[in-house]
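Have a look at this one before I ask anything.
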């Protein structure tokens, strides 16, 4: 096999050398370490020994020529044998300077530059080796308790630890519980708690018999069989339907598959409706002043390009009412047997999107100035309508408002969002006869409907919140006074 | 205070006598010559192998053959040696197959000969650590009451600055341990000249610790032999430790990627070339009719054959199999390590094709 | 059964080993004539002689380095590092040589050496005498690292460590040296728990408390106090810090579903982190809360009059237990 020998770097970072004199010619037999040529570098004249044993086939450069490091200078025909060394010079002289990197006949082989203490850096691969099968999960512990407690005998019959024996009469507690706990990933445990589902009652379809998110959601929806009242489920019409199945040409019934948003909404509603005791209170409110305020606000530069609607004022009123009555912005934690009062108000806005009813929420709505609140409400509603709401948008709400007026009705009994304590619906704004200062007048009137979780909110509190919202809408200046 | 350097053979190959170190007629000088030539040839071949990418690195002993063969031949079969990482000449004297040393520098293992079988401990790469091991071993010899055994430990001039070496000197002296401290002062610790390690000649350090020190011409195999032999005798006879400073020169680089032209002059190298350890023995043997050209040719041939055999053996060394990584960490059980091994085995098994 | 202090129990265990195997040696500063600054080696030089119980020069690296040489010669040295904060000069010999030599030699060389180190705080000391450096050695492959917690464990564990063919770093809780308890000195060593096993000290249902060394007693006291809150705490003495006994730990957490690790060493990058990672990986579906850790702060060990703020005490341990229930 014809092997090439390239000019090595015989000293630190030298880039070229002059060929002084060849000691061999084509046809000569050479042995390993035999001197092939003298070269002159900036530092010294150096003899280059042959790394090969074989026959010289060609001298590739001439005496007197200046040659760059790495240039092939000679080829030697090496009789093929196993263990032939890769191309690199092998100087026999001691006190050798910087070694030449091993250069390969195969252009793809990477060079490895030796360092003081070893071979040097090996380039890593940049592509992945094919795998046969997906990774396996490391072994986990079985749900059932292992046998007797492990550990030494003496410990069980009353510990003697550094003089602290158990005081007489203090019983050693009984053996560990025998009923296995449910297995579930931490986020699933949280979901179960939020939905009020007892993990222990749910069959697990996940790895190692663990309970999955789907298992919990299914359990929440299967818990009851009450149907949902149509007013309060202003889901979009048949748009949410995925499939239409008909039996025969004159079908007596139409079956619509329950999928997607509708399915989850239904499950959530059922979970909410049949765990939290709902009470709804109503209040008719003269909102003439609010409507005037809406018109005036529209003209302010702060609201340029921002939609100002009665919804905005109702939202603001509710936020102020929440500040006055924080308990209404809370959640019932069944597992911990605690009411969790939430600090920020993440205001949910019910939106009729193509897929169905969505309730994205404005995070920290209570801290927003009015114009920003307007913008945020618009933004979340628009995103949801466009079908681009993220799980983060839809989760974490603490209280909700819903505008049923757009459907041309006055009032309803809204169902709480799961995990919330109150929901405020408001109906259409109508011109109605009203008594003002003892005289009949035509005023703009709407009805507020507040549903609340009676475990958390009693009648007095619910009424107070409703009254406060009503008062602020009657006279928006109260919103300023109470902020 | 003058520095006396013990010398029994001049650079020109002439014998000189020293009253404290008589050399008997039984000294195998031809054997020493052969050993030095073979060991140099191994060294040269190893450097070539490194240049060809077959070894990760090599620590050449070029120029230090006399110090190593001289002292190595002074050891009795029962003595124990604790080297650093350049004592391939002493390894040779102790019967360690040179391939075993090559394995370490090739990186197929970390030096795996059996220390007790050869009475030659594994190479210690951390500078100076082995001097404490040697001292402890010598203390073990004392407890065994083995009066015909001694210990020698090798280290360089650089190592004398390490705390462990001073601690070893202190302990060896207060416990009167039977250990010879053999310092090859080859003038450099990588690029640091020996006067960066000490203002005092190194052999004088032992007097501060209360035991004798002697400087010997490190390129004189006869002097190295005689002085080491005497020191070992003293140790075995309960006289405690000795420090021997073999004054020599590292003709090669620290390791194969080092560039000595950056820190020393070619003229210095040339001056030491005139004191070559092998040349002076060759001159002595030839001039005194103790060896003829046939002998020298035979030794050269033997050296070349040894080099070729070493090359072939080196190239044939297999890489360690992947799961062998987990062997020999502990004597007893370790469930954590077992789990790691099992996981890695499963991982390797999960590739669609074997690695190239 | 005999009532012994922890330091006396160690003394008895060392004596037992010296009697059983003539190759066993003890070496360290002040271990011979003085009997050790904590009297752990009291009386041993008198009975076994200066060759076997050696007062060494003041040089920790050499204590370990020469022990290696002696082990190469066939001896079984038991080194004492006088205080935890002084192990660092010996770290090179421990990490570069002691830990690696079996592996380096492909099994040809064994170094059956024990390095005893009194560790931990709570004795009102000046700097460097209250450290907990165990994790540096647990992180070093080739070493076994153990910690005894009480007199009975000290008695058996020191003998098992000496009998082991692996190098063992043996941590002794210095503030517990004076604790007394019944020790069955007649029980055969074969009955004792193996060196690699953890020990359930107090069974419980609600949460697993993992600890070792000086914290075992603290955790026991905390567990007993917690009964008044209606909490049932399971206390496990790890005993072996490298390797840790995941079988025992995992089985416990699978039952209790909550885990707290307690050690004096700083929490940051401490042994608790390794345990928390493993418990999380192996008990993921069982966990009701993340694994919490109680330990020292990320500060150098403080001055004596402030150390009570640093060391985990009963209240801090139970506070962590409360926090694990808040998830």
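A, B and C are the chain letters, set down in written order, and residue numbers restart from 1 in every chain.
Operating definition for what follows: a contact is a pair of C-beta atoms (placed from the backbone, for glycine too) under 8 Å apart; a residue touches a chain by one contact, two chains touch by 3 or more.
All of these numbers come straight from a predicted model, not from anything done at the bench.
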**Study point:** Most distant chain from chain A, judged by the mean position of its C-alpha atoms
**Key:** B
**Study point:** By number of C-beta contact pairs, the top two chains
**Key:** B-C
Point to revise | Innermost chain, taking as reference the mean of every protein Cα atom displayed | key: C
Exercise for review: Could you put a whole-Å number on the gap between the CA centroids of chain B and chain C?
Suggested key: 40
Check your understanding: So what's the Cα centroid distance for chain A and chain B, whole Å?
Key -> 61
Practice item. Please list all residues of chain C that touch 2 or more other chains. Key: 247
Review point. Chain A: which residues touch two or more other chains?
Key: 138
Check your understanding: In their complex, what parts of chain C are in touch with chain B?
Key -> 25, 51, 56-57, 59, 61-62, 64-75, 89, 92-93, 96-97, 100-110, 112, 141-142, 144, 164-166, 195-196, 242-247
Review point. So in the complex, which bits of chain A are touching chain B?
Key: 11-12, 32-33, 43-44, 51, 83, 85-86, 88-92, 94-100, 102, 112, 114-119, 129-133, 135-136, 138
Practice item. Report the residues of chain B in contact with chain A in the complex, numbered from low to high. Key: 44, 47-54, 56-57, 60, 62-63, 107, 190, 251-262, 266, 269, 311-312, 315-316, 343, 346, 350-353, 355
Point to revise | chain A contact footprint on chain C (complex, rising order) | key: 6, 149-152, 176, 179-182, 184, 192-193, 197-205, 216-217, 220-221, 224, 227, 232, 234, 236, 247-248, 250-251, 253-257, 281-288, 290
Revision key, fill the gap. So, in the complex, the side of chain A touching chain C is made of residues 138-143, 145-146, 149-152, 154-156, 159-167, 170, 172-173, 175-177, 181, 183-186, 189, 206-208, 210
